[in-house]
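Take a look at the structures below.
Paired with chain B in one complex and with chain C in the other, chain A is shared by the two complexes that follow.
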Partner chain A sequence: MAKKKAESEDIIQPLSDIDKIIHEPSRLMIMSVLYVVESADFVFLRNQTGLTDGNLSSHLNRLESVGYVEVEKKFKGKKPQTILKLSKEGREAFEIYREKMEQVLTGLSEK
Partner chain B sequence: MKKITEKIDLKEIEKKTWRSTLEDGILDIYFGILILGLGMGMTLSPVVPNPLDKFIIIIFIGIGLAFFLTAKKLITQPRLGIVKFGIKRKGRKLKTLFVLSINLLILLILFLIRFTNPELSLEFPGYLDGLILGLLFITAPVCFTAYFLQHPPFYIFGLLVGLSFFLSDVFSLFLPEPFDVLIVFSIVSGIIILMGLISLIKFLQKYPVHKEEMA
Partner chain C sequence: MVENIDLKKIEKNILKTAHQHGAFDMLIGFIVAGMSFGPFFRETLPSPYKYFLWPLILVIIAEVCLITIIKYVIQPRTGIAKPGASIKSMRKKLFIVIIIQVTIQLIFIILLITGSGSGIKVTGIMFILIIGLFIIPIFGIIGYLMKYPRLYLIGLLIWLAIFINELLYDYIDYTVRWLLSYGIIGSVIFLMGLVLFIRFLKKYPLPKEERA
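The block that comes next holds the complex of A and B.
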């Protein structure tokens, strides 16, 4: 009985370690897109994620505040342009998140 | 609807992201213009005095390139946005360039051999000459490009252009030179440009221009 309880804790325990910043679906989409590219601007990210301007903006602010995303604002002619890329910490956090999720999902899979 | 427990396939996300940059059909139209230039070059070279005939294809390359760069800047970027891809994608582009360079090198060597030894020639029965050379030196490298660039329309374009030389030979039975080449290459480049334009229209509908960006 005690052994079974320990096993179930082993499976569920990693859930508490999951990075909740990344785990939010919209931010997970943003992180996934930014992970596979070197950098992208705001418009590109909006098109890829399908998020509204306001939504994307707030999630990016959150990701920037924890240091996962680097934001560079510049002007292209008279138009403002926001270039976004994952920071080194962001990349590492995303990789750890993937590993943890894989562990959890493998544990949760039906056999 | 995908289940949350399904794996996030990063390769698939990268591929989808990359393909979105080719959705505008501008590369297809550019390729169509190049093929039109190739046909025009072959058709007009007997008429246009030497060495001006060599410039026909260069003019079309210039027109195509100007169209490509302008359209990407004025049509694609404001709608789709700007993206820079990572090392793996750059590697795929380099592989494409490598294959195309090798192909060009082989063509150049064959041309030089033929130029220095006019008596040497590849003799194939019937109209297989155009078919084999077209499939070998046009279809194969364009299909390699389609594979490395992950752009499926190029498979069709490669086949169409590769068959053009053979079709020109067949058309020469009914049409006087140089109209056989002109008609075949105009039709093939027309199909490619039309497919590109359809993609462009779909792209314009899918990605309208937003007034301002927020961040």
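The block that comes next holds the complex of A and C.
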């Protein structure tokens, strides 16, 4: 009984320290897109994620506040342009998140 | 949730957005259709320039149009992204394929200019097969690397244009023959691209000012 409990704790334990900032579906989409590119502008990210302007903005603010995303605002001609990229911490956090989720899901599917 | 995060799929999707607008198809169609006017230039230009000057002019016009369309029509709608490491490595492979293609073409041009190739006569079905073996794999490789499956069809259509041109060799005057083969096939490729381009413009209207 105790052994079984320990086994299930081994599988589920990583879930407790999963990064909740990244785990939110919209932010996960944003992080995934930014992970495969070096940098992207706001319009590109909006098209890729399918999020509305407001939604994307608020999630980006959240990601920027924890230091996962770097935001650079500039002008292209007369139009404002926002360039976004994953910071080093953001990239590392995303990799850790993927590893942990993979660990949990592999454990669940095997049991 | 995480089983749905397939980074390869996201990458593939990003690559697809780079050519979903149909502008590449339109410009390939423009070059192929433009080739049909080649015979008119052949009568006015001296040899060997008559063989490659017109295609070169077409490629330059197409390149200028493509850069302009991408910069002023497509990028404001799709946004801009700098490629990541694996897209960069794909581009390197693509670059190598294009270098091989350009080298082969240069060899042909040098053979034409120096007259060294005049002794080699490849005609009829052999000519069509050799051209097919050259064109279809090149388009296939580029299409595969760029996740651009329409290029397989485009490669096949270009080969079909050459096939029709050879097929009508003994029956129709060469100016009309080029119009019938390259003209029609090029227009088909162009129209295919135009349909995609109109759909793209409807799907991605110009965005209002960004809020981030």
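In the analysis below, the second predicted complex is superposed on the first by the 109 of 111 C-alpha atoms of A that agree within 3 Å, B and C clash if a C-alpha of one lies under 4 Å from a C-alpha of the other, contacts with A are read in each partner's own complex, and residues count from 1 in each chain.
Here is the rule we use: a contact is a pair of C-beta atoms (placed from the backbone, for glycine too) under 8 Å apart; a residue touches a chain by one contact, two chains touch by 3 or more.
Just so we're clear, the structure is a prediction, and the values are computed from it rather than from any experiment.
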Inset, instruction - May I ask you to decide whether A:L105 touches chain B, chain C, both, or neither, giving the answer as first, second, both or neither? - result: both
Inset, instruction - Figure out whether A:Y35 sits in contact with chain B (first) or chain C (second), or with both, or with neither. - result: both
Inset, instruction - Have a look at where A:P80 lands relative to chain B and chain C in the superposition and call it first, second, both or neither. - result: both
Inset, instruction - Could you tell me if A:R46 is touching chain B, chain C, both of them or neither one (first, second, both, neither)? - result: both
Inset, instruction - Return first, second, both or neither, reflecting whether A:S26 touches chain B, chain C, both chains, or no partner chain. - result: neither
Legend entry - chain B and chain C contact sites that coincide on chain A, given as residue numbers: 28, 32-33, 35-48, 53-54, 56-57, 60, 71, 73, 79-82, 98, 102, 105
Inset, instruction - Enumerate the contact residues on chain A facing chain B in the complex. - result: 28, 32-33, 35-48, 53-54, 56-57, 60, 71, 73, 79-83, 98, 102, 105, 108-109
Inset, instruction - Using the touch definition up top, name the residues of chain C that touch chain A in the complex. - result: 1-3, 5, 7, 10-11, 13-14, 17, 76-84, 86-87, 204, 207-212
Inset, instruction - Name, in rising order, each residue of chain A that touches chain C in their complex. - result: 23, 25, 28, 32-33, 35-48, 53-54, 56-57, 60, 71, 73, 79-82, 84, 98, 101-102, 105
Inset, instruction - Could you please specify the touching residues of chain B with respect to chain A in the complex? - result: 5, 7-8, 10, 13-14, 17, 20, 78-86, 207, 210, 212-215
